[in-house]
Each structure stands twice: as C-alpha cells, then as structure tokens.
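Shared chain: subunit A. Partners: subunit B in the first complex, subunit C in the second.
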Partner chain A sequence: MNGMTGIPIPRPLRGAAMPDLPPARGARVEFDRISKEYGDLTVLHETTLKIEAGEFFSLIGPSGSGKSTLLGILAGFVPPSHGAVRVDGVDIVAKPPYRRNIGMVFQNYALFPHMSVAENIGFPLKMRGCSRAEIGERVKRALAMVRLEAMGERRPAQLSGGQQQRVALARAAVYDPRLLLMDEPLGALDKNLREEMQEEIKRFQRALGVTVIYVTHDQQEAAFLADRLAVMRGGLLEQIGTPRQLYEMPGTHFVASFLGEASLLPVAEIVSREGRLATVRTAGGLTVQAFAPSRVSERRALCLRPENIILGEAARGRDNHFLGTVEEAVFTTGTLRYRIRLPGSDGVITVRVPSHPGIELLSPGTGIDIGWDAAMAVIIAED
Partner chain B sequence: MVGEAREAHASLERHAETQTGVKPWSPSRGSLFLLAAPLLLLALFFLFPLIWVFAQSFSSPRGLADTYVRIATDPALRYPLFYTFQTAAIVTFCALVLSYPVAFLISRAQGRWLAIGMVLVLVPFWTSAVIRSYAWLVLLQRRGVVNEALLALGFIDRPLRLANTDIGTHIAMAQIMLPFMILPLLSAMRGIDPSVMRAAAILGANPFRQFVSVYLPLSMPGVGAGCVLVFISTLGFYITPALLGSSSPMIAVAIEQQVSRLLDWPQASALASVLLVLTCLLFMLYERLNRRLAGAGEAR
Partner chain C sequence: MNRTAVTPFWRMASVGLVAFSCLVLVYLVLPTLVVIPLSFSSDTFLRFPPSGFSTRWYESFAASQDYQLAIINSVKIGVPSAMVATVFGVMASLAVVRGAVPFRRTLAALIIAPLILPQIVLAIGLFPLMAKAGIVGTYPGIVLAHAVVTMPLVFITVSAALRNYAPTYELAAMTLGAGPWKTFFYVTFPMIRPGVIVGFIFAFAFSFDELILAMFLTSPTTRTVPRLLWEQLNFQMTPVIAAATVVLLGATLALLALAAIAGTHARRRAASNGGTAA
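Moving on, here comes the complex of A and B:
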C-alpha cells in the first residue's frame, strides 16, 4: 500500500480550494415563560431569557437553583411544564433530543466506554447517516482540533481527565451544531487543568462561532468565559448581565456574595441623593458616600469589595475615611487578608491588600486608617 | 549495602519481638493459619470425594476405560449428555429473552417500585426448586390451570400435553433459572451511566439506536455472566426434569438411574466426570472470552 513514498508529503490545506462547510454561526435561543414543576414542587419559576447568536452565555448558581433544569429543558431531557423554547424562532419543546441538533458536553463527559475515541467522535455522524469516508475525514479533523491525533484508537478509560474532556468537546462539535450546551464540563478536573481547559474552550467557541450555554457553579470560571451571565437562585433568574456588571453592580445581596467576596453593611436610610451619588447612614451609625444604581429597593445594603478598600495613610483623602481596628490578619497567596472592625456597630469588613516583601502584616488589635471612594460602595437590595 | 540494612532491620525486629513478646503483624503468617480449617474441610469433603468419583469411574469390572468407551458408543448414555447441553442452551436462551425486559424495567425503577420488583425476583429465588417444580406439575398437567384457562378462553378444544414433555420441562426450568439471569443483568444495567444514554440521545441516536449502539453493548457483561450461570446450573438440573419428565433423561437423572436402578457406580462416576470436565472447559472458555473482551480496553 505504501510502496512509493517513504516520507509523507504534506498536502496543501483544503479550505479555500474546496468548498468546505459554511462557517458555523451560532443559534439564537429564547426561553419564553418557561417553568417546571414536579407535583407541588416548583424547580423553575416562569423564566424568560434571550440568548444572542454566537454568545457565550453562562448560567451560574448553587445546586438546586434551576440552572441544570433550564439546560435539560433546552436539551430535551426535561419536558417543561409551561412555556416555549425557541431556537432561531422555532419552538422545539415537542422535539425529542435526537432531532434537536444540539451539541452537549456533560459533567462526567459521558463518553461511550465501549467505543474507541474515534468511534465516540464519529457516533453523531454515523447517526446522521454520513458515509464511512466522510466520518473518517471529519473525525480526523476533529481530533486534530483538540490535539488528540494519536489517540483515535484508544478507549476513553485509557485517557486522562483532560483528554477525555477534549474528546467530549470534539464529539459535541463534530457535526457542527449551532448551539453547544456544557453542563459543568470542567467539574471533575483539578485546578491547573481547569484553567488550561477554560482557555481552550474559549478559543474553541471563538473559532467555531457557535452559541454556547455553559452551566457552572464556579463563578470565576463563568466570569472568565462568558459574555453574559445569569445568576440563578431557587428556580428564579436573580440577575443577568456581563460578568463586570454583575461583579461591580450586583443587584442583590445574593449576587454580591455569590460572585467574589463582599462585605455588606445594612443601610438604615438614604440621607440625600444627587444622581448616582448618595449619602447614606448605615445601621451601625456611619455616614457613607455611596454609589446608587438607578433602582434602589426598600431594604438595602452597601456592598464593599475587599480589594477596593484602602488601608493606611492613603485612606485619608478618600470620600469615606474611618479609623478601624484589625481583628484578624492572614496571608493568602498574593494578598494579605484582613478582617477590620469599623467604628460604630457595623461590625467587621474584609479587606485584601496585594502582598509583597515591603509590606508588613498588621497584627490584630492595631488601629488603622480605612477608606474608600463613593463609587466603591454600591447600594444593593438586601434580602 | 541494601542486604545489610535489611538484615539489620530484621534483627532489630527480632529484638523487638523478644523484648515485648508481641510479634509485629504480618499478613502471611496469621492468614495461612486461618486458612487451614477451611482448606482441610474442602480437601476432606470436596476434593477427596471428587477424586474418589473420578477414580471409581475406572473401576468397572468390564475393563479400565470401559465406562468411557460406553459413553462414546452407547446411544442410551451418549444421548442424555447431548440432550442436557441442548436443554441448557434452550433454557438459557429463553431465560435471557424473558429476563432482559424484566431486568430493564427493574433497573429503571426507584423507591417502592424497585423494592417490589426485587421482591418479585427474590421470593421465587428463595423458594425451593422442589416446590416450584411441583407447582409447575400442577399448573401444566392435563387438567391443570394452564389447560383449563386455555380451554375456557376457547384457544384450544382439547387439553394440551404439557407435563412429561420437553416443552413443559423447558418452561419450568427457565422459570426456575430466571433469578440467576435477572440478577446479573440488573447489576450490569444499574451500572450504566444515565448520562451516557442522554449523550447518545442528544448526539442524534433515536431510541432504537440508543439501545442497539449503547445500551445493549454496555449490558453485555451482565448478559454473559447470566448466561454462564444459567447454562452451567441447567447442566446439573435434577429435580425438575425428574418430576416433570422429558423425552430423554437429563444427565443428572441418567446418573441417578445408573446408581439406583442399575447399581453401576463406575458408569455413574464416568458420566459425572464427563459432565464436570465439560462444565469446567466451558467456564474456562467463557473466562478467556471475557478477558479478551475486557482486554480490548487496555493498552495495546
């Protein structure tokens, strides 16, 4: 068979010469007043959500918040109790999963243990009636895309977790679905590998241009990957926005503490308000200059991010300046983490300062200047 | 160097022993001693009788290997052997076909339904085969429940002959063997990750192809284990064919006849030895096949 050439001669890449598949463009997804009940138990309250074509959208929330139910409804595993799900304007609720042409990566990868890696990736093509030659060609391309060219003949059990994950990704994308669902795809990997795979998934999504809906409980992962996030809680959408919007201007206490670290000071009253700037009195008796988003609810709190608070002399010129007492001081990688008691009865807030050899770790009991600008204390809804 | 260190370590240990009077725990010494009793029991009441049976098969007054020559040449002895393997194959097939859907349903059940399903499988399992064989005799006889029901429903004009036929015996044996098939199937099916089935669905496999391409292959270890268990158990069936009767005696019935009617102990021993050897060969074949299938997943 191979009598003529000893060395394989690289062939020019196809693409421009041969009309390849059209570049995949993402699908537009619309949940229209979708809800799910099991008997008396409502796991998903009426939810309306639009996801744009080509968007990387992440659903985050604690377990039982309804994020997996929402994904299951979209995949077709969970029939919704009410409402419609439209993909590019077409309601798909009545379609079984195998007619939806959606790609999906599962938490434990869900690779077929009795098939080789190549057979796993070829499975969706086989189900679509592709010819053997076409399957071989596309599997090869998919393997190259996830850099597993040499692993085609192996069984999933012979691969590492990261490699299995890449196989699952290749299998979900090989048939060019316009919508890709990912259900905690990195949940089983260790931290370093997770970060590596996050980059890979992001590159992958940009290259394919597909719409990705990504479920995770890891807020850092979601913030890194997603164009927009939806925070879910108790079967309800709590807030939707870009990662930056959600982090810097969380609407509620729950969102504030779910994304990153936050200290919350209950607000007793708003003394005065001028546009986005407000003067408020906290429940503990402090008067604070704060940032007021357009809508402010009745019960509210100040949200302070630990990295926005300034300690020492630099704190004196800030919009808000107090004298606090160090209660607790810990070194964590990269930062010194303090718990500082405020004057009055507001209690303790968390402060993070970048760590370096020129800085001394304050000992508990030390008095310290503490300050922040008005924009760094956001008024949010307390719940 | 290493040897020295080891020696020093060993002497230290000995030293510790003599000092404290307590031996450091070692897995080999204690467990060997514990094994002595069961090993003795097995040797005395299992291995020795087995060797005795085998030796006896050569003690025919007609000649050393005469018993085996007769098994090979005498149709009255050879046919039960063939019939037994044929029956085992039929019973295994019937048990598999009946058990697979039952095991599938139970594997999907949760909570109370799972408990009910398990009870339905296990109660017959715990009931003596003698009782169940008699029950089948009652059901299948000329004026039994089955015939009466079929007559009453107008499916037949005359009672069917079920007892004392191959069909009746196969039905009873297959029923008695069901738990041996259902339990291994159930264990394999419950081990199938539901998300793998969901993956097959979302990747475009319709329910039929989900079953054929994914579910069936993943349940094969249970199918193999169940078939071997039922096949080998059926080879040794005695009470059911003895009670219900069939066109030819099963091998166990033939052995009993040799002993109790013809008082030909060497011939009975030879038949038993042939059955044992064939069963062992079959099991080895299955093990090898199994290992090869499992080995496909290992490094090449």
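Moving on, here comes the complex of A and C:
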C-alpha cells in the first residue's frame, strides 16, 4: 500500500514535454486532417496527429476504432478520403506503398512461405536492386541483430512463433526505413513469449532510433512499449499522452476503463473548487475530495484505480474515509481483489491489495475502513 | 425425442448413399470399362462380348496415319488453348478474388458460365462468328473456342488457391518495395503455382476430350481425336475405335493423376505452413 499523502502535482494532460528520445534517425509523421469514409460509413473522422522523430507511438483501441485504418493510410493500403499524410514534411498520399520506404510488421508476420529466412530478409534489398554480395552481407548482419544467425537456410514454417516474429522484424528493418509500422505484431504469441518479445522490440527500436507506430488492442503492451499513445474509439482519437498520463489522468470514462481497471462514481455536483482540489457530491450521496483537471465537462464521474484505495486502519487518516462492506473477495496472482460496497447508493468499487502470507483475505459481509487521498480520485468526463 | 427419430434416418441415408454410389459405378463407370475388352477383340466389328483375343486393333491404331494426325492436332490445339485459358483464367481470378471490382459474384458466375452452358449453344453461337472472321477449320478458331470453355476450370482452381492465403503476403511484398509485377512474380505466382498447374492440366484434358466444338470448328486437317472417333463410329465401327478410346482414356487418367499429385503436394505444403498462412 502506498503511504503517500498530500496532492502531487500531475503533469498537464496534453502538450506534455516530449520524453527523452534517442538521436533522431527516425522520421517525423504528421496526419493532417485525415479522414476515411466508405460511402455513408465513416471509419475515421477528421484526425490530426503528429508523431515525433524517433518516437515509439502506440495506437490502441477496440476493433473497429479506426486504428488499423490509420495505419493502412500511412502504409498506403487505404487511400484517405481527405487530408494529407506527411513524412518528414513530404505528403505521401499519392505514393504507392512500394515507394514509401516504410517498414511494416504484420500480425501473422506474412513471411513468404516459399522463401528461406535469408531470402525473406533479402527480399526488400533485391527489390531495391542491391548486388548479391551486398544482400548477403546485410542479411547476415540483420540475422545477427535478431540472433538467428544459424537459421538463414530454414523455411519460415520450420521456426517457432517468436523466431518468425524476429525474422519479420529483421525483414522490415533491413533496408533501414526510418519509420516502422507494427500491426498487432505479438497478437499470435502466447503470454510469456509476448513479454519477452516486447523487451526485444523495445531494445530494437532504441538501437535503430527509428520511429515506430505500433497498433495493438493490448493496453498493457502499449503502456510498456510506447513513449506516447493514442486511444482510439469509433474512428476518433479519444486521448493522446504518455502511458502514465493516460492511466493516471484519463480524460474520459472510455479511456479510464480501457487502460487498466477503474471504478467510476457518477458526480452529482461540484460543491467547491480550489485550484486542482475540488469537493464533490456523488450521485450516491457521498462528499468526496477529488482532483479536478483544468477542464471539467458537464457530465462527469470520479475515476478510482483499484490499487490506490486503502483498506483498514491506514484508511482513517486519508482525505476521504468511509465505512464499507466487503461484497466479494478473491485471490488473483499477486493481489487480493475486493469488491466493496460504499455507504450511500454509489454501489460497489474494486480494490486491489498486494497479497502476502501475512495478510488475511477478508470474508464477504465484513465491515471495513476504506479511504483514499484527493489526488487518487480524478474527475473525468462521463460518456 | 428427436434423436431416436433422426439416427435411423441418417443410417438409412448413408445406406442409400452407398447404394447410389454403387449404381453410379455400375451404370457410368462399368460401361466405360467395357471398351477395354472390346479393344482386345479379334472380331472385325464392334461386338460384345468379343469372340476372341488379339492386339491387332492396337497395331492398326498405331499404324494409322489418321490417328497420328488427330493426336498431333489434339496436342496442337490442347496446349495453346490451355495456355490461353491459363493466362486469362489467372488474370480473371486475380481480379475477382483480390481486385476491387464491383459485382464480383455476378462476374464470377459469368466467368464460369461457359463451363455450365451446353457446349452446343456455344458452338452454334461461335460458328457464324468464326465463319465471318474466316477462322472456321483453322487452329486459331478451335484454340480460341477451347480457351473459352476451359478458362473457367483455371479460374476455379486458381481462385481456390488465392483464397487459400490472406492477401497480407502481397501487402507485405509491397511495403518491402515490390511493385505490382514483382509482387506477382515473386510472391503471388509462387504461392498459387499448384493451382495454376492443376488448372492447366484440367484445361488441356478438357480440350483433348472435347467433341462438340471440335465438330463445328475443325476441318479434316485440324480434326482432333474425339472428332475422328466420332466419324469412324459413323462409318466403320471397327474395334480400332475401342483401342483408340482406351489410349485416350489412359492419357486422360494419367493427366488427372498428375493433377491430383500436384494438388496433394500443394495441400501438404499449405499444411506445413499452417502457422503463417492463417
């Protein structure tokens, strides 16, 4: 449990200073009022988005949110209905995919089954008219980079999923594109391998200094990998920021529940407000000290993260303190997960407490002190 | 409740299916095989059962100038028509399966139509057109006609091969710098090759066996084996016809076996690529 009291000053929600980036070998990408319609169906509303050189940028959202459309527009598979896409200031909308010099890793890797691993990696070089000797040399280096030196003569089907993934990475990077797109590249791998590959991809990006745009529906993966991420929903960018900003200061209900777990209490009224600190009354009748971002919309809710809520004795000294009732208690790996009913009619919130042998799992029906500091309850926009 | 009612029904249905298959075998396949004893007949006329055994009709088949010419004609017509059918069939299936063409279903149905339409209809339609163009009785005439009826076969096998894998491979090739032609040459074609080969064999076999268009559009100098057989049936009725038919049957079966081998090979390869081809 964290024993922090007082209100930390979170960084502003948008326009935050860029995180430290490696020397810029990557391309700068700019979507300028891009949109895509199929007849009457708008799959991507007007979107403007800038991605810095060398940045690891992730697009996340449920399927149908427009993230793959945005990536397809950048790769050249999907012609946008309106707008421009600039890479290092040059509009590429009219260029076919094969003249864009953008690397792409696909969900199922798309390794050519009739070619060996070395032929696969050499393919983009062959298309660029490199000499045999140069292809051999660069393929060798690329294989070393993904630690598959001995696998050059194998067919893709003879490799494991993780190895195929690395070949796909090597093939997309062997011609030194300054921009790499990845469309759910780890979607087909099991959990342990995914985590291993995440590390690998991050190292790879750091080493090359390329700009990466990474599409995924896995928010944990995105948070781990990305310098910044954009949450998409229904063809719109819902929020952009660093993973921490989005998690700690979600702008909307959707973002709050898409990234991690959140309990949301509808807010009936803001009683008073002093800078970032506000006193609000919830729809269920509780008076709560909460954190108010600069812009607060009409319909709003309190966002509570399960790991920020304190149970037991320690809850008493917090900005907000109530007496709750345990409704449900389960052990999940590493944490005890409770569903606790608040007084009033706000209902049930989720609380996670680190699990260890010295802690007892409370049984349902137990009354328990529950508390949190003002900074842990962020006022967000309701949908 | 339903289970007791359904199970005996399906048991009956499967018995029925076996019985039906046997009938098909008896009525359709056996008569085909009757030509084998006929071809070894020692009689001078086609008569069943033959009164004695000889290989004289195979000898006279081998010695026949007419048959030699007809076989050469069949190959001279079958190979180019299968090639034309393959080129256009591949292009058509690329457009319908991968392309962004409107009304694909209608288009696919139209492409397959020549195969389903009675050939006599096509023959009656083509004859005046080709007569006008002055190519009745020439090689180009019959080659074109056979290409039209065999293209659906290539279209079907190649479309199936294309549907077998996701278009991601082509997209990947494009991001890697391959233009449309190089993408086809290095990626699409190697992946659909078995389908193309099977389609080509089917097209050739079809052309080799086809009678109706050949009757309308070939001349005595360009006549094919089926047409020659037909003419001989009308005039001579000697067992040399049976011998020729057996040879034709053998050639067709060999081609179909070849197609089956190519198909199995492709399936095995697809299975071993299961992980990536999903």
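Keep in mind that, in the parts below, the second predicted complex is superposed on the first by the 359 of 383 C-alpha atoms of A that agree within 3 Å, B and C clash if a C-alpha of one lies under 4 Å from a C-alpha of the other, contacts with A are read in each partner's own complex, and residues count from 1 in each chain.
Basically, a contact is a pair of C-beta atoms (placed from the backbone, for glycine too) under 8 Å apart; a residue touches a chain by one contact, two chains touch by 3 or more.
Note that this is a predicted model, so its numbers are computed, not measured.
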{"item": "Superposition on subunit A - do subunit B and subunit C clash or fit", "value": "clash"}
{"item": "Subunit B versus subunit C as contact partner of A:Glu153, first or second or both or neither", "value": "first"}
{"item": "Touched partner set for A:Arg318, first subunit B, second subunit C, both or neither", "value": "neither"}
{"item": "First (subunit B), second (subunit C), both or neither touched by A:His253", "value": "neither"}
{"item": "Which of subunit B and subunit C A:Arg352 touches, first, second, both or neither", "value": "neither"}
{"item": "Contacts of A:Arg166 with subunit B and subunit C, given as first, second, both or neither", "value": "neither"}
{"item": "Which superposed partner A:Lys67 touches (first subunit B, second subunit C, both, neither)", "value": "neither"}
{"item": "Contacts of A:Arg128 with subunit B and subunit C, given as first, second, both or neither", "value": "both"}
{"item": "Partner chain in contact with A:Arg138 - subunit B first, subunit C second, else both or neither", "value": "neither"}
{"item": "Touching both subunit C and subunit B, counted on subunit A across the two superposed complexes", "value": "75-77, 96-98, 100-104, 106-108, 110-114, 123-124, 127-128, 157, 171-172, 175, 181"}
{"item": "Subunit B partner contacts - residues on subunit A that touch it in the complex", "value": "75-77, 96-98, 100-104, 106-108, 110-114, 123-124, 127-128, 153, 155, 157-158, 171-172, 175, 181"}
{"item": "Contact set on subunit C toward subunit A in their complex", "value": "166, 168-169, 171-179, 182-183, 186-187, 190-191, 269, 272-278"}
{"item": "Residues of subunit B touching subunit A in the complex", "value": "193, 195-196, 198-206, 209-210, 213-214, 217-218, 296-300"}
{"item": "Residue numbers on subunit A that touch subunit C, as the complex places them", "value": "75-77, 96-98, 100-104, 106-114, 123-124, 127-128, 156-157, 161, 164, 171-172, 175, 181, 188"}
